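A short write-up of the structure that comes next.
Chain nomenclature is as follows: A, B and C, assigned in order of appearance, with residue numbering initiated at 1 for each chain independently.
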Amino acid sequence: MKKRSLFSLLLVLALLASLTACGAATQAPAAEPAGEGVTVTDMTGREITLDKPAERIVALTAADCEILCALGAFDTLVGRGEYCDWPSEVLSVPAVQSGAETSLEQIIALEPDVLLMGTMAQTAEQVAALEDAGIRVVVSDAQDLEGVYTAIELIGRLMGKDAQAEALTENMRATFADVQAQVAGDGSESVYFEVSPLEWGLWTAGKGTFMDEIAGMLGLRNAFDDIDGWAEISEEQVLERDPDYIVTISMYYGEGPTPTEEILSRAGWENLTAVKNQAILNLQNNELSRPGPRLAEGAQMMADFIAAERLENAA
Amino acid sequence: MRLDRKIHREGETSLSLFLYPREGFGPGTYALMSLVTAGVLLLCVCLGSVSIPLREVLAVFSAALRGAAPATSSASILLSVRLPRTLCVALTGASLSLCGASMQGLLKNPLADGSTLGVSYGASLGAVVSIAFGVTIPGLPFAGTVGMAMLFAFLSLLLILTLAYRLDSSLATGTIILIGVIFSMFVTSVLSLVITFASDKVRQITFWTMGSLSGSSYANAALLLGALLLFGGVLLSHARELNAFAIGEDNARSVGVDVRRVKLTVMIAVSALIGVCVSIGGSIAFVGLVAPHMVRLLIGPNHKRLLSASLFGGASFLMLCDLCARLLFSPRELPIGVVTSFLGAILFVIIFTRTGRARA
Amino acid sequence: MKLLEVENLSVTMNRREIVRGLSFSLCSGDWLMLIGPNGAGKSTVVNAIAGAAPYAGRILFRDRDISGMKSAEMARHIGVLSQQHSVGYSFTVGEVVRLGRYAWNPGPFSRRSGEDERAVSEALRMTGLSDMTERNVLTLSGGELQRTFLAQLFAQEPEILVLDEPTNHLDLPYQREIFGLIRQWLRTPGRAVISVVHDLSLARRYATKGLLLCDGTAAAAGPGESVFVSRVLEQVYGMDVAAWLRELYGQWET
């Protein structure tokens, strides 16, 4: 019980932090020197030159949306991809279809200077069509933490907010250094990341995911480090690998058992170390699945969770 | 091809028995089929993405039978994961195969099956609607979903057959499959729509279109068994009527079958059984098509044998498919429908060209 | 006593009255031929008696209304051979013929009785199929298949046979064979046949009674000699049928 209230506190703090970040941004643009040209190279190697920092932006991916807000540029956001949901005030911004059903019409209607999109939805035809409509397309494609830093710097340059971008990445690096020192695992403990619950078929995050990278940073072993990317796995493999910690990213919709309770109640799972110790962390808000600034928060939550578990086990 | 019939004949001496041989299986054949199915079940429980030595498997089961299951990961894997899942797979395979065989007889159409006619997608839609809009029966949390799946399966079957009769009263193979395909596409799109608007409550679309029996429990197996005993029993008791329908609906009426009553009874039993299977394991395609086909090639079309042999054949077939789904890319797992559709489609083409050649 | 009595039979399909107020009856030993041009309603009459089409009016078997009978009971009295036969699966001849006994012990728990065995072997013997019981029906010729269904009908042991074009599309030897079989079956007292036959010469050859249909009503009915008459046929067919048939068959005189 105590543990959960700690997490909710953390969640509220995280929410407040991003709110203030966005709130602070409202005054920021006035201070920026206007009329200055900007040239960036996006993450697919295309060079994009703007006469002045972007003032109207549509961000299709949730991570880019979070980066924009964290840089204090919420007020430049005129449209968002339909899955962008963090911080919560972006929900007031018009949504456009994204991913496989990216709608060029909806984007053009919003008259942005710049469209931020991921590699998933991007095609040469779409880019050409948007450039014809006078919209500059910038593609971000972060595959690891270094990629996230690059994306933050890229978006910072685009907005004329290099300083804020640098501060943000510094801040993240500092948090990661902190949690690394705090947990300092020796690779003997394992963690199982559950991306989709048993009812829907078990999915986990293997090698090459942010969850895997952060587990490695903390000195934990990803129980499924022999799998690439996200994949459906056998239930019996989880039982066989007997993880010390379980991190689930299932959402809770307010009815039925919570994701943590559901895992604790699974038949045959009662002998797992993580279940016996009730060492289950539920990250409900995509902290560890989006290549954005909140990865640091997610890492911090994992570190706090592991510290609390260790304390409990020692007692 | 007709091994069984030849064996029967060798033992027969009197002329009357030659003219009027036993149509169903003898107890020996049933014992053999049960033994083979039990063997496949054992194989599927012994093998998995985690390898457990046979000695340990036996130790765990003998301990469990004495009521003292050890608290090891092997015991958890065997007793809580593999056994309930394999039981559910076997019962689902048996049920779907029985439904397929019955529909193929009733409609005199070797391509009829819950998946080709779109009945299982109808059942999926019923289940999804009941979850999304919270249709429940008080006190029985799962009954709302199962009931709605059954109801929608029945309505789908009714709609498809009514349309088919309207277009072509002889119910030609092509017409009914065409209507099934159109209906499936329509229902799948409605299904996607409902899931889009209730994605927080309903399982994702792949479950409802590809099926999955991972995470099955003993309670699921008990429900499947109950449904199979009840509705499967109804189907098995209509073997002679299905023979008459398989020769032709006119012929069934002519020999004195109550055509309307039998058709309705078989349709209700088939829909109910498919509804239960779908609400537990999603819609698993091709099982009801392939298993009865293979069985028919081995023992002929007489439903007195076909229905019961399809039960065992379907159970074994789906258990082996599930084994492939679990083993092929271990530790990854495939949706079971991927395996059945893949194997099923290949086998289906082979069988179809063969029977076509035999007829020509 | 009359075996079958049809009173004021009307059949409406797709809001069109295909049969209108038809009445006729059958006695033991009768072979009633339903004749008439295409679309006169011959097959519809057969379907109504078979229970395959809803109708108005009454059909009585031995003074009992057949609409009140259960399917199996009805099949024990009236056996129907419908026009189309294509079997979808590789049943054996024996399996198809044995199904004729369904009406005598319907339901899931059938037991084979000596009576069943006798009826089946008798039907097989009559139709000359005794040596073919294990043959796959998909490999049969058209005539053999028709004989198989006739054997099923004989095994069913009804008192009335209702046949819709029993020799349609069959070669002449089969035609003669099957009509011969039916006439042989009819020799037992208490039996009657009603059949739709398109070929007027064939119909006239075997009929004891005729019923000429035109637009769903009886244009002529009665003993064969009163129906198969040049003047009557000419009114319905709109041509001198008898003259045309004489011309056709005259070719064989030389």
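One rule holds for everything that comes next: contacts are C-beta pairs under 8 Å (C-beta built on N, C-alpha and C of every residue); 3 or more make two chains touch, one makes a residue touch a chain.
All figures in this text were calculated on a predicted structure; none of them were measured in a lab.
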Most heavily contacting chain pair (counted by C-beta pairs in contact): B-C
Middle chain, criterion being Cα centroid separation: B
Rounded Å distance, chain A centre to chain B centre (Cα mean): 43
Rounded Å distance between chain B and chain C, as computed from the means of their C-alpha atoms: 41
Centre-of-Cα separation between chain C and chain A, whole angstrom: 79
Touching residues on chain B, where the partner in the complex is chain C: 5, 15-16, 18-21, 23, 108-110, 170, 236-240, 243-244, 246-248, 250-251, 253-259, 296, 300-302, 358-359
Footprint of chain A on chain B - complex, ascending: 48-50, 71-73, 75-77, 79-82, 84, 200-201, 203-204, 206-207, 212, 214-215, 217, 326, 330-335
Chain B contact footprint on chain A (complex, rising order): 198-202, 224, 226-227, 231-237, 239-240, 242, 251, 253, 267-272
In the complex with chain B, residue positions of chain C that touch it: 50-52, 70-76, 79-82, 84-92, 94-96, 98-100, 102-103, 106, 108, 110, 112, 114, 116-117, 120-121, 124, 130, 133-134, 138, 149, 152-153, 156
